[in-house]
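Each chain carries a letter (A, B and C) given by its place in the written order, and its residues are counted from 1.
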Amino acid sequence: MADPRFFRRAKPISLADLAEIANATIAGNVAPDQTYVDVKPLSDSGPKDVSFLDNKRYVGSFNVSKAGACVVEAAYVEQAPSGMALLVTDSPYLGYALIAAAFYPTRADDNTNVSANAHIESTASIGDGAMIQAGAVIQAHAEIGAGAHIGVGAVVGPGVVIGTGSRIGPNTCLSHCLIGDRVIIHGGVNIGQDGFGFAQSSLGHLKVPQLGRVIIEDDVEIGANTAIDRGAGPDTVVGAGTKIDNLVQIAHNVRIGKGCIIVSQVGISGSTEIGDFVMIGGQAGLTGHLQIGSGSKIAAQSGVMRDVDPGTTVGGSPAKPMREWLREVAIIERLGKKKGR
Amino acid sequence: MADPRFFRRAKPISLADLAEIANATIAGNVAPDQTYVDVKPLSDSGPKDVSFLDNKRYVGSFNVSKAGACVVEAAYVEQAPSGMALLVTDSPYLGYALIAAAFYPTRADDNTNVSANAHIESTASIGDGAMIQAGAVIQAHAEIGAGAHIGVGAVVGPGVVIGTGSRIGPNTCLSHCLIGDRVIIHGGVNIGQDGFGFAQSSLGHLKVPQLGRVIIEDDVEIGANTAIDRGAGPDTVVGAGTKIDNLVQIAHNVRIGKGCIIVSQVGISGSTEIGDFVMIGGQAGLTGHLQIGSGSKIAAQSGVMRDVDPGTTVGGSPAKPMREWLREVAIIERLGKKKGR
Amino acid sequence: MADPRFFRRAKPISLADLAEIANATIAGNVAPDQTYVDVKPLSDSGPKDVSFLDNKRYVGSFNVSKAGACVVEAAYVEQAPSGMALLVTDSPYLGYALIAAAFYPTRADDNTNVSANAHIESTASIGDGAMIQAGAVIQAHAEIGAGAHIGVGAVVGPGVVIGTGSRIGPNTCLSHCLIGDRVIIHGGVNIGQDGFGFAQSSLGHLKVPQLGRVIIEDDVEIGANTAIDRGAGPDTVVGAGTKIDNLVQIAHNVRIGKGCIIVSQVGISGSTEIGDFVMIGGQAGLTGHLQIGSGSKIAAQSGVMRDVDPGTTVGGSPAKPMREWLREVAIIERLGKKKGR
């Protein structure tokens, strides 16, 4: 089971209830009132555990797994070890996520109030049920929403607004920003510092006042040590439901649409606009002032220097349509092998 | 206007005064005593706002802008909408920067003193007018210059020296370093930790004592979550007026000259020396012990493995002269298209 | 000498003692009881200083160095300036490291106790001789090992265990993790936050509970602002003696073996397993679910998309055996030059 020092497990759940939770149908010869106590990886499960199969790489582990129940696609039902209960769904990873959340509901914090060791300016407003941990600093006129959670050592700068139920990680620094509801920001994140804007002058690089904000819409998640600069005039915007991984750089005036996935160490340069449901692989870099169409995908380590059409996939540096890039990679490989003989 | 929660605007400014501030000449049929109240993007401006045109991409917005005044190059005067006052200069971005700074002068902090919730060791010295915010820790024998600003939760390690008027961001950690005057360091930056130096031994990777410092010269700016290791014996040095973006890695013994621009997520390996006024694009990586000549430019995502001559531009990974790299990119593209038919 | 504000030097050491410390033999005409007072770079040394030569680039500096003594390989003895004492060893960098550590032994902290300005929950346990600095927060049921050092503003989350003699840097955030003995974690590191796991659903990206931990084994070092996510079910593991540089991203379920070297800004995607003594160059990226064999080497900026065999070296993006990659680079270069004529 998950380490009880860190996770608190709920009660056993019957097969019938698991099927309902996961929107799955039951297969296999197991009674629907059979109960299970935990979720575990395939290779590590026993008869009271629920596991899942979501990646062909792990079919071998599935074939010999001792898991009592498993969330799978219909195609794999035939291959299941005998005696395993099957929870059949088109989306086994989603089914697993729902079941795992049932076994391990979000832990209510032991102390849901305001630490005596937090520093809160008198002009700040704190919503009902908000939790503010030790060492956090809430500066003048900041507004903390109901049920929000401000982690240890986090800094909520002057005038910053945080929506209801949002969670701000430890030692994260927020300034010049408006944060929506149910937003999750991990530790060490910096949001709202002034962007990298300098005008050449005879006296060197002159700082250009950065007069915009950062707007983080509802249900966004932002990974550890990510940096998001505030706008230069327009705002920097992260659209609702977008998920950003660790160590990502988002420059001033960038606008990101809804439901995007931005993987770790991506860098997005100033004023680039990204549509909805865009996926950007790890370490990709985008130059400034680009238009990235909705539904497009950008491969890991890509170097995007031109606009990307909606719904297309690009790769390589400089990035081009995925098919072209893969063809070039294959041609170079062939040339290399020819030459080597 | 800029969000008044975060920015405080100064009084209206006349066209004549704007021209003086921006070192611009006036064109268009507007009286020099006409006043303006704010700066705004072209597409968002009204008759009392000042905007600017600095990038061909935005000529379309300029043509239909409702801005009352606009900072432009002479070449665009003819295309201006009728009634717009024009502030003509060779450096419109610089002109805008100067005007924006006039409308939004650096905000004097409300509390310019030392927070009762800062922790300051008795042997530290604090200059006149220095501001030290809640949760900041100033360790033994550190010296904070006059008018310096130490942000919430920042750590100024033993013996660290910070010059006059410098600003240290929230939760930034400084050790083994000397910081010049008017330096700006954003949040989450780590400076002076010991570098990544290990000697192979029969007992594993043995830590090599790192006996140098980090020297940050005057007028440097360093972006959020950047890391700069102290020298192994020599110092790590960042020259005067150099601007470093977010999430940059600078290894031990690196020496960076004056007036350089180093964009986000760049990594510079140990003992590499960089001349003056070098520009390094985002996500570029430089191996160790290189000489990068003054005035050279390194394209984004480059992988620099050899010395770079002064004044040259390189790109690609491994990096080579820009022209060669672009030619190779074009040839590969042609091969890919030929093969595809 | 090293700046006395930051480093405290020990007493002079005789040539005979230096030879013993460095496991070196003496060459040159200098009496074994001659004493030396410091270590310095070749170009900066005087007659009372010890230096070292470990890189061909610096033979020129060696030839004209005024260092009183130098740690070198036997091959360079003949080229030494007259009068220089030579400490001859096959591993001059290791010899230097040992000598430098003798001149600058790890400084005992002036205050080896618990700051009155640290916040420690009553259920936490603090080992003998542990040092906890101002602003650090030790949460419920956390265990701090004997002689461990918790830096300013560091956050040790609920239930986290830290081994004996480990050092946690300033403003570092630890949760859901077990840290071994003699581990060094620099400032701004985030360990144990939940990984980037989302299941697609009709309601958007649904967060998948992350029920694993992070296990950091003994003698690991982790650089500034690095992020290590906890496992999704299995643990994320960093093996004993592995050294990780600044700004590295390690995703959920990654398992890293013993004695690896992972250079700055590397990104390792979820569930990838890395053997022992693997070296990964700066800015390299690895996709998920890979097997990276023991003793393999991955060049800087590589994009690894396939398994890597033990003992092999790969480079390029997509990465391939080093020889193949270098051949391809050479062919492209030749094509580019041909075309240019």
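Here are a few things to note about the model shown:
Everything that follows uses one rule, which is that a contact is a pair of C-beta atoms (placed from the backbone, for glycine too) under 8 Å apart; a residue touches a chain by one contact, two chains touch by 3 or more.
Since we're looking at a predicted model, the values are computed, not measured.
It takes 120 degrees of rotation, in steps of 5, to superpose the Cα atoms of subunit B onto those of subunit C. Two copies of one chain, subunit A and subunit C, form a contact in which under half of the residue numbers belong to both partners. In terms of their C-alpha centroids, the spacing between subunit A and subunit C amounts to 28 Å. Multi-chain contact residues of subunit C, defined as those touching 2 or more other chains: 135, 153, 171, 188, 225, 247, 265, 283, 317, 332.
For subunit A in complex with subunit B, the touching residues are 119, 135, 137, 139-141, 153, 155, 157-159, 161, 171, 173, 175-176, 188, 190, 193, 196-201, 204-209, 211-213, 225, 227, 229, 233-234, 247, 249, 251, 265, 267, 269, 283, 285, 287, 289, 303, 317-318, 320, 324, 327-328, 331-332.
Put simply, subunit B touches subunit A in their complex at residues 2-3, 5-7, 39-41, 44, 55, 57, 91, 93-94, 96-98, 100-101, 104, 110, 115, 117, 133-135, 151-153, 169-171, 184, 186-188, 219, 221, 223-225, 241, 243, 245-247, 259, 261, 263-265, 282-283, 300-301, 317, 329, 332-333, 335-337, 339-340.
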